[in-house]
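Two complexes are shown next, each including subunit A; its partner changes from subunit B in the first to subunit C in the second.
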Partner chain A sequence: MTTTAPQTPAVFPAWFAARQHDAWERYLATPAPKRGDESWRFSNLKQLDFEGFSRNAGVSPASDLISRSTGLKKTAAKFIFSNDELVHSESSLPQGVICLPLAEALVSHGDLVAAHFMKQETRLGSAKFAAWHEASVSNGLFVHTGENAEIEGAIEVHHWISGANTVIFPHTLIITGKNSKVRVIDIFRSADDITPGLAIAFNDLSAGPNSQLDYIAIQALNEVTRIIHINETSTARDASAKGFILNIGASWARNECLSRLEGAGSRSDMLSVSVPAREQEYDQRTFQHHVSEGAYSDLLYKNSLYDNSRTIFSGLIFVDRDAHHTDAYQTCRNLLMSDTCEANSMPGLEINADQVKCSHGSTSSQIHDEEIFYLQARGIDPTSARQLIARGFSVEAVERLGDEATEEFVLGFIDDKFSHIASGGA
Partner chain B sequence: MSYEPATAVLDEETHEAINIDRTKGDFTFPERHKFDAGRGLTEKTIDYICDVKKDPDWVREFRHKALKVFLEKPTPTHWATKDLENINFDEIRYYLSDGEKPKRSWDDVPADVLKTFERLGIPEQERAFLAGVEAQYDSEAAYSNMKEELTKLGVIFVNSAEGLREHEEIFRPWFGKVIPTGDNKYSALNSAVFSGGSFIYIPKGVKLKQPLQAYFRINSENFGQFERTLIIADEGAELMYMEGCTAPKFETATLHSAVVELVALKGAKIQYVTVQNWSSNVFNLVTKRGVAMEDAEVRWIDCNIGSRLTMKYPGVVMKGERARGEVISIALANTGQHQDTGAKMIHAANNTTSNVVSKSISVGEGRATYRGQVHIPKHLKGCRNNTECDALLINSHSRTDTYPAITVKGNQHATQHEASVSQVSEDMLFYMQQRGLNEGQAMSLAVNGFINDLVREFPMEYSVELKRLIDLEMEGSVG
Partner chain C sequence: MSLHIQDLHATLEDGTEILKGVTLDIPQGEVHAIMGPNGSGKSTLSKVIAGHEGYLVSGGTVTLDGGEIFDMSIDERSRAGIFLAFQYPSEVPGVSNANFIRAALQARLPKGGEIDAVTYYKNLYAKMDLLEMDRKFTARAVNEGFSGGEKKRNEILQMMMLEPKYCILDETDSGLDIDALKIVAKGVNAMRSPERGMLLITHYQRLLDYIKPDRVHVMAEGRIVRSGGPELALELEKHGYDFLKETALA
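Let's turn to the complex of A and B:
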């Protein structure tokens, strides 16, 4: 890993420079994960060797990346970053909504950023890498909706990595005000299929009272790139936060999603679809923290595993002592599509309150021959039948997004992956 | 709301009810030990134990090696509770005995020891339904007897020292093989200072109709009991083994750390039933594992009611095709108690199946934890696992945790894991009260309903006992 402290650009406020300085010290002082660490159980620690990666200016022509940054037909705003540099932006957001690249927001709305930027301790294992991110971050997206702002359509953000051994530190900071509504889609991609890259991404999502915050991450990096993606969500009274992660790319991806249900009556939906193939490895850790009473959280993670791929799911529902009347659910389902794949599940519960409804379930299974037979009897060949079932399996989680255009967009990536697998993989 | 005050009453009363039951074992007799290894654990302690027990040289060496492993291994607090740090290994007395051989007849057992076991109902149970009994008092067995016809069939039922001395050819090949010394810190401790426990061999094709029983009793303060059990069921053999345990409630903590190894050869069946009712100052750190060969079956039926901290994860390694492993467990955690229990299912052959059903009840500030591991490696096919964990929270400060880990490689297997946490619902209690039950009866009925299907898995005598226990706790608590 890098050994020299990153330089905070001089235009950024002093508090931010100080934070970055402290974070770098913390990064150096924090030991790297080692065998026996419970939060890295089953993980492949060899993937954490980030030697030789550095920040680079974008090498791919911006115009090329901009033309490839296709997304929704209609967006509320669109940002395109190449190696954390803004190369394109457009916006039709209503007045009162602040939606800026983080580098700009740090200068123009420093106090707002300071109030919400990386406030929580990273608890799910990647504290060291979160510190690295904090010390190095220079850009990303900042959204502050204000009160009663319902944003039509989504804010779409493309993060491109280009150039050999490049590391990016994208940050997404979203604060929804009272009664407001926003949807943000992050798309992580590599400029080509053969250049190794690294992304250390971090989200701060804070849903204000009675607001609705939807966050979707589409990870479609090339298969020689790795990513650590840390997500911190908090919900105020009666707020609803929805987080969705799609993993189809990268050689190795680590997702850490923590949801803090801080307000009574709030709700958090944690969703994920992963379709690993070949040697891909996805390592997902989740935490549903019920701080306040009467909150609701529901997690659904679906993995379809092909070839020699490997997944790890470790989830915990944690109910604080006074968080009575909690409803918390957690489901991880693994569909095993080859006889050499490997699924690890650790669905956990820690309950300190009563009047609680909690359940978790984890299953791992293959497609039954009868199901294939049934579809064959209707004239569908076995390969298509298997794909049809695997797609249907993923769709269950995608449908929970509740927005047709977004669902269609996400399914497009899933279908790409399936056709990729059909042509070369399984 | 009407529920809150009602639970508050139930809380206190429930505690009382549970304490009533636990006092069954809460009495003690003066110590009169001829052999006492003193406090603390050193090389000398090991030699003292070896000398008293007249261990063969290889056992002495085994113990010394184990001591080194124990001292090297860290306390596993990176995943387990910090309460483990409260065990003071230098204060514990590792070996206490009166130097008497186990008696074949209750008439020869010293009066105070006899009184102890009579109060616990052991001789009575033996007459009623057991094929053999071993009763351990501190470090050594005071009584050991088995029905005569079983001896004729070639069944061996002896304590650990005798097993290793007299039947080395049978027991040595499996001793420490299912659970190696270095498996964990506490299995290493047991390997260093083990004393007592049962070594059982059931010859080919012999099916025991009645269960064998062992009863473990701690009588001395600051004492550590380290029994070692090894059961080998030869091809086609079947047996049920039951163990019970109690200790008086001392001011200071007591340690119980057993190692239990089961070997079920081709087509054999072993059922191992535990009803753990240690007093609430006992640290109960037990390693239990069975190996099941082709078509064999190992079942752990486990009930944890007592102890301050229990850490116990019975495991089955399914080594032969079509082998079957099962863990059925009930845990009851009251204030001051942490029942950290679970199961390990290691599939190591094709078409092996395993089943884990765990139910826990947390009362007052009690904490119940389920920790599980299911492992299905890549080269196998047709393996199946089913895991169900249900937790019931009685009071508002009760706590329950579930930490399973499931690894499945390859696509010719099926696993499912489910867990739920709930409390006895207000509606349910209200409904039953509508039909004329008082709140205590209603609570008792609900709790019984929760564990009923598991209680049925226990042998008749135990299941009646268990049901009564729950009834006792809940009934009369409000009323």
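Let's turn to the complex of A and C:
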């Protein structure tokens, strides 16, 4: 593990430097996950050896990364980071919306950042890595919509890793004001296919009253890179938060998603599609925390596993004592595309209130021969047939995004992965 | 030019023989019907021709315009011109009908070939109109949540889009009310052509009121036990299958 304390840039406010100092102490004091920890059950702890990784300035030419940062046809704003350094930005956001690189927001809107930055306790296993992130973070995206701001189009953020053994600490902090609406897409990619990297990413998503906050993370890193991605969402009264994670890249990815339904009548949709192949491992932990009454949460995770890949899903719906009239659902579905893949699922439920509607479940299945027969009988070869079915399996979660352009964009990554698998790669 | 079945024997994986020497010739331009009681092997015959892996061919041949089909995979047979309209079509969640049919058409193109989207949709909509299918079915997942009748119409839609040389319709009339049956029959009749052979598998004469066959065959206990003109179907309707069983045993 890294033992050198990161230096907070002098330009950042004192409170932030103090937070980073404390976080570093906490990072050093927090023991690493060990065998037997429930929150790391089934995990491959060998993946947590981050020795030798360090921060690097952008290694790849910025112009190259900018030209490769293709995304939606129309965006409200676009940011491109190379090893956490901003290399490009453009914006057509309305006045009143603050949308800045975090490094800039820390200087110009320090109080706003301080009010929302990493407020929740990281409780799904990665407290040590959250502390490492907090101690090291230097950039990312800060969005504060203000009230009644409906932002058309998405804010698109590209995070590139380049250079051998580079670690990045991207942070996404989004605060939607009352009656506002925003969609942010983070895309994590490696500058090349062969250089190992590491991302310790963190999101703070705070949906204000009656607002709508959609967050999409596309993890398309190279297959020698690892990522820990921690997502913490809170919803105020009548707010709606939607979080979607796509995993197609990385050798190992750990996602921890906590959604805290703090306001009555609020809603949280937690969605994920993963398509691991070869030796890839995706380890996902979720927590739907119903604090307030009359809130709704719905989780749908869909994994299509190829080759020797592994997935772990551990999810808990937790309904507090006063969270009456809760509706909470949790579904993890695994489509096993080989005989040697492994899907581990641990759905969970703890209800302490009355008059709640909750369900949780997990299934693992293979494609039925009759389905393949049907597609083949239409002239589609077996490989394409299986691919079409697996794609269709993923679509159910993608369609819940509810925005055609975003869905197409996400499906483009999924299609790339499937064609890579079909061509013998991963 | 025909789909020719010669002394075809097929068994289940456990060795139970279902087809016990079927011989049948379906020339281009003709519509043949196979009737017969439950368990006579009608659906098995259709699946064996399509290449279902749950059956083992233990003897005989099937040739398509002279070429042996048992050397071909399921998808190759389809691309070569055989179409099976399923009795129980599978659901394909998450795959829209339009994309599914497009994938099937794409599979017939040489590598790198592209389907022109405008022409494709124009063609698709024309066929859907003929089958009185709402346009919303293009975006719906294949057969998911479809009623029995909608599934059968969707099979005919696929058949019309793929324009096969030989169509095998496995109990396409089952589960259809009379109005749906007329629509499906309209689609099938629109497909009749001097370049296309058809095999209708059915329990009932009713379908043949709307699709007039050139020949009718009766199947019992894994064999064709009688063949004749369209009047044979009426005879069966009148007397039932029992007298034919006797013929089979004789």
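Methods note: the second predicted complex is superposed on the first by the 424 of 426 C-alpha atoms of A that agree within 3 Å, B and C clash if a C-alpha of one lies under 4 Å from a C-alpha of the other, contacts with A are read in each partner's own complex, and residues count from 1 in each chain.
One rule holds in what follows: contacts are C-beta pairs under 8 Å (C-beta built on N, C-alpha and C of every residue); 3 or more make two chains touch, one makes a residue touch a chain.
Here the structure is a predicted model, which means the values were calculated and not measured.
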item	value
Clash-or-fit label for the pair subunit B, subunit C on subunit A	fit
First, second, both or neither for A:Ser63, with subunit B first and subunit C second	neither
Once both complexes are placed on the shared chain, angle at subunit A toward subunit B and subunit C, C-alpha, multiple of 10 degrees	80
Touched partner set for A:Gly379, first subunit B, second subunit C, both or neither	second
Partner with the higher number of touched subunit A residues, subunit C or subunit B	B
Partner chain in contact with A:Thr363 - subunit B first, subunit C second, else both or neither	first
Touched partner set for A:Ser394, first subunit B, second subunit C, both or neither	second
First (subunit B), second (subunit C), both or neither touched by A:Asn148	neither
Subunit B versus subunit C as contact partner of A:Glu38, first or second or both or neither	first
Partner chain in contact with A:Ile351 - subunit B first, subunit C second, else both or neither	first
After fitting on chain A: smallest Cα gap, subunit B-subunit C, Å	17
Doubly contacted subunit A residues - partners subunit C and subunit B	none
Subunit A residues within the subunit B interface of the complex	36-38, 41-42, 321, 324, 334, 336-366
Residues of subunit A touching subunit C in the complex	368-371, 373-382, 384-385, 388-389, 391-396
Sites on subunit C touched by subunit A in the complex	50-54, 73-75, 78-79, 83-84, 86, 89-90, 92-95, 100, 103-104, 107-108, 141, 158, 162
Residues of subunit B touching subunit A in the complex	78-79, 378, 381, 391, 393-423
